[in-house]
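In the two assemblies presented below, subunit A is common to both, partnered first by subunit B and then by subunit C.
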Partner chain A sequence: MNNMKQRTLTEADLRRMVEIRNRLTKEQRSLQLHKFLRNRQAMVGLVIFLIVLFAAIFGPSLCKESPVALNVLNRLKPPSKEHWFGTDTLGRDVYTRVIYGARISMIVGVSVGAISGILGLIIGIYSSYNKYADEILMRICDGLKAIPSILLAITLMTALGADIKNVIISLTVVNTPTMGRLARSAALVVKEQTYIEAMRGIGAKSRRILWRHIAPNIMSPLLVQMTFVFATSIITEAALSFLGAGVPAPQPSWGSILSEGRTVIFTSQWMIIFPGAITAMTVLGLNLFGDGLRDLLDPLSS
Partner chain B sequence: MLKYLFKRILATIPVLFIVSIVIFSIVYIIPGDPAAVILGENASQEDIQALRTRMGLDEPPIPRYFNWLDNILHGDLGASTANGTPVATMIANQIKPTLNLATFAMLLALIIALPLGMWAAYKKGTWIDQAVTVISLLGISLPSFLLGLFLIMIGAVKLRWFPVSGYVPFSEGIGAHFNALFMPAFALGFIHAALIMRITRATLLEVLNTDYIRMAKSKGVHNFVLVAKHAFKNTLVPVITIIGQSFIIALSGSTVIEAVFGIPGVGSLIVNSVSRRDYQVIQSVVLLTALLNITVNLIVDLLYGVIDPRIRLDR
Partner chain C sequence: MEKNNDLLIVENLTTTFNTERGKLKAVDGVSFNVKNGEILGIVGESGCGKSVTSQSIMRLYDEKKFAEFKGKILFKGESLFDIPLPKMRNYRGEKISMIFQDALSALNPVFTIGEQIREPLWIHHRMKKDAAKERAIELLTLVGIPDPSKRIDQYPHELSGGMRQRVMIAIALACSPELLIADEPTTALDVTIQAQIMDLIVELNKKLNMGVILITHDLAVVAETCNRVVVMYLGQIVEEATVTEIFDNPMHPYTKGLLQSIPRISDEKQERLFMIPGTVPLLSNVPHGCRFAERCKYAEEACRQNNQDLESCGGAGHKVRCWKAIKGIN
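Showing the complex of A and B:
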């Protein structure tokens, strides 16, 4: 109920997705894919995302400078040929730091999206199958979801200590309940389908039904949700680092660069404009891509 | 209605229980000895032991949990581990700016979102609709603290219309109060404006497609009356849900916005407590926010029953 920020899919969405998936033939699916490839917004989103991902993977090895190399004589220099995004309060190259920061954002986004997706799948599948597991797991999910996500993340970070590994753990704890709830609802929809009943009728073991037949069929809504979780994780990581509770100091994170920029906002606005624009573009790209993915998997939604 | 009310209240009890356990357990996930972690590397053994006793860490966890719960139910939120001030006093001293900020943010969001969302639905497919869609996509993609920074650059550094940071209490002048609060409230409210806009547009579109609206139209009801009176009422249920949730997210989101704009609210209290590792304060604030969240959700659910009696029968 609480994570509206990341736009969860509703029960009606899930029902449509599952039914559409069942109805489509192979040809219709390839037609759908073509439509997706022609969806301009989704493709723009994908391209933006791939550029950032590319920069995160290969950028650091292309950068001449180190993101932590101090050069106090060169502090707070505006953008120039040597320093595209200018330099910060300690004379470090902002461009290099933004590229290295992209690496942190991508690591956090990918890990949180993937881990919470997998955990959510497991929780959802078992809850849809076992009544007792359902009661216990769903109450825990509701409890966790009752705590606003940014506060839960801050609290966990304070307890665990500032570190990128702990950022991933905290954000996974924050996002898994939503994923679990979503996977459970989707699994319940799939469970009602005739072919599952037929499987049960011919005596298939429940483990086989759950993992071989239900799990693959609930992947599509989970994938859409994972792109949204990816985007919110980037925002939350930046917010945590902005508050000083995320990735620790010398490591460059978009949030900590912006936090430093806040202190020199009157004189050195390049420290906010460039990293800020790139953060916003990345999140925008992911949201556009996620929306396109949703339209692909659920053509009736829009 | 009474049965519905009772059932809803009963359903929140396990959630409350889980929330309290989660928040209580946080001290136990701290790697190593929490007291030693709080006091830092240079603390003496006696100081650490004293803090352990003060935090109750020497007692076994289960009796400690029930003790803690009992205290909270009696209104005792404990005292700050850093300076011994009662947490309730600290929160009471700093709640006002946060509440004002979140309320103002929600008002701004509603003023922006409701008319624009309705207008977009009414003019579906035109450039107005597209502009509204773009605005709402931007709102969702722009982190609030980033929007805050951009607003400071434009509104405070360039135009000099608003102060860069700080808070002016209501008692020191209404104009100054709202002037200082405008940019933070806008930064905080924009994402909610985007969400409310989306949901208003989508729901209104659905309602405009129903038979009774077509009927009213064919009977010659004026377009404005049609949307504002006949259709609007039926868009309320989803919109109210999202307003309730948005308010809670705005309250918790003010943590970051208060840091950007230097507002001395509960958010600053949390951020300061993070750097001091003052778990008692964080625990209490988080617990209160979760409680508030559960209460707001309950009220929203009950409001459904009032607005749309069919929902009462469903459950």
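Showing the complex of A and C:
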């Protein structure tokens, strides 16, 4: 009797509680989004990144000139109405070249971030699961990490030849070990969780556990790291091009523009200032965005 | 006749772990059986090998490197240690299910509970999404979750502890197992919810006629739910009897100690709560002779010399591992 009474009471209450909870979750979700939107640094970072991305995608239609059109009579002109960022040693429009350079940076950044993220995920998951795979993969990662990344990238570029495809390959090789280790450490934590044991308890195969249950649980640190890899590979690509080991000559890259401006730094600073500032801004923006993303996805880690 | 009635027979189960400090016998020669539709309680302090016993039945340990099993486990007459691992995998969740200790962390945070209930249905029956969804709603209703059609789209963090444990039970029951192993299903929950969950397990045991192994350290829970009890100490069974026998006529000093450690409200005089002195010894340092001797107030030199085997004594099916109890001294 008493029991019955209690039960009807709780059920009615529960329905109300469910309602309240649903409302609260909705509020919490909008609050979280709000928090991210109000995180001024992250928003600034996102806006900068989006502007650069926009310029990279729609760049060609924004510029009247070709980035490789020579105009030797107009060489080394300071910024003006016609040439916002001035002209370079061969009379090419620096503004156009920076916009086209954004393309290279974005393509390299996105590809390296995505490919090394995916490879890192695969490496991390298998090395967390299999002891032998772990030993082999992690020793390879250790080996790659023992060489300074810019040196490794230069070596690979020399071996492969200057080409944007090879830039992406060598930067992926440089960045994958970091991703792999991160994924491995996250997967090792997740693997010991009760819900993974529970999955084995209901008869799930290893492959299913690895890809369906462990992988989604380690995505958030990987996503955050991917934004940082994105940023560092923009810098490294610029450095490679600056050293002449990156994107080959007529194609504009932020690094090669800086390299060409280096010789005239005391007379025509605009060749250095504009591409340099934009590289720095883009990287800063990506880092700020990454920090904000980390605060959103993984509030406990900071 | 008697034999056919047995759902699970564990014979002389020994589980040894290879650790850096050498081999540790976590379970040492444990034998018991579970009949169809019966609830068997396994009781003991922390570190007595209760969970290891249950996980050995499921073969959830890495047999290649880490764990070594000896003895026999017969599930409906089939030896579980002799079948290949893929076949064992088919048994897990389908014929033998397990509810884990910590309901709060036994659900994957990135999936809705509906998706998680569908998981065993997909793994074992390749059930399509719509059918599985229906089954999920049915299961949630069965375990007493109100408004199941809404609940299946929620994530674990949106549910309370009791709700999550109910979801865990629903997942365990998804494929209608014949044996349910509940490993301390109520440790992380408060007392009222505990009672509800235990009622639910008993109710489901009757309704679905499945065998249940209930692992717990809470004798009150055992008294209310189980048919028979096995008391474990340091990897061995020290006493086995029906619930009424255990409570009316406990024989092993350890069982007596456990029973005395339950606080009683009826006591008028406020005495200090009884407690068994000392702690369970480490597995790396198992005492010679009776394993409980060091903490036993009746222990004599003879107890420390040799370890008594489990022997029938007293009422039907009552077994005990204490020579003094068998001879009726003390």
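FYI, the second predicted complex is superposed on the first by the 269 of 302 C-alpha atoms of A that agree within 3 Å, B and C clash if a C-alpha of one lies under 4 Å from a C-alpha of the other, contacts with A are read in each partner's own complex, and residues count from 1 in each chain.
By our rule, contacts are C-beta pairs under 8 Å (C-beta built on N, C-alpha and C of every residue); 3 or more make two chains touch, one makes a residue touch a chain.
All values reported here derive from a predicted model rather than from experimental measurement.
Enquirer: Answer with first, second, both or neither: which of subunit B and subunit C does A:195 touch in the superposed model?
Expert: second
Enquirer: After lining up the shared chain so the two structures overlap, which partner does A:187 touch, if you call subunit B first and subunit C second: first, second, both or neither?
Expert: In the superposition, A:187 contacts neither subunit B nor subunit C.
Enquirer: With the two structures laid over each other on chain A, which partner does A:48 touch: subunit B (first), subunit C (second), both, or neither?
Expert: Neither partner.
Enquirer: A:204 in the overlay: touching subunit B, subunit C, both, or neither? Say first, second, both or neither.
Expert: second
Enquirer: Of subunit B and subunit C, which one touches more residues of subunit A?
Expert: B
Enquirer: Quick one: is A:284 in contact with subunit B, with subunit C, with both, or with neither? Answer first, second, both or neither.
Expert: first
Enquirer: Which partner does A:98 contact after superposing on A: first (subunit B), second (subunit C), both, neither?
Expert: So A:98 meets neither subunit B nor subunit C here.
Enquirer: After superposition on the shared chain, which partner residues are touched by A:161: those of subunit B (first), subunit C (second), both, or neither?
Expert: first
Enquirer: With the two complexes superposed on chain A, say which partner A:231 touches: subunit B (first), subunit C (second), both, or neither.
Expert: After superposing on A, A:231 lies in contact with subunit B but is clear of subunit C.
Enquirer: Tell me, which parts of subunit B touch subunit A in their complex?
Expert: Residue list for subunit B touching subunit A: 14-15, 17-19, 21-23, 26-27, 29-31, 37, 137-138, 140-143, 145-146, 149-150, 152-153, 157, 164, 191, 195, 242, 245-246, 248-249, 251-253, 255-256, 259-260, 270-271, 273-275, 277, 279, 282-283, 285-286, 289-290, 293-294, 297.
Enquirer: In the complex of these two chains, what residues of subunit A are touching subunit B?
Expert: 1-2, 4-5, 7, 139-140, 142-144, 146-152, 154-161, 231, 235, 238-239, 242-245, 258, 261-262, 265-266, 269, 272-273, 276, 279-280, 283-284, 287-288
Enquirer: Going by the contact rule at the top, pick out the subunit A residues touching subunit C in the complex.
Expert: Residues of subunit A touching subunit C: 11, 14-15, 18, 21, 25, 193-205, 208, 213, 216-217.
Enquirer: What residues on subunit C touch subunit A, complex-wise?
Expert: Per the touch definition, subunit C meets subunit A at residues 58, 60, 89-94, 97-98, 100-102, 105-111, 119-120, 123-124, 146-147, 150, 158, 168, 171-172, 174.
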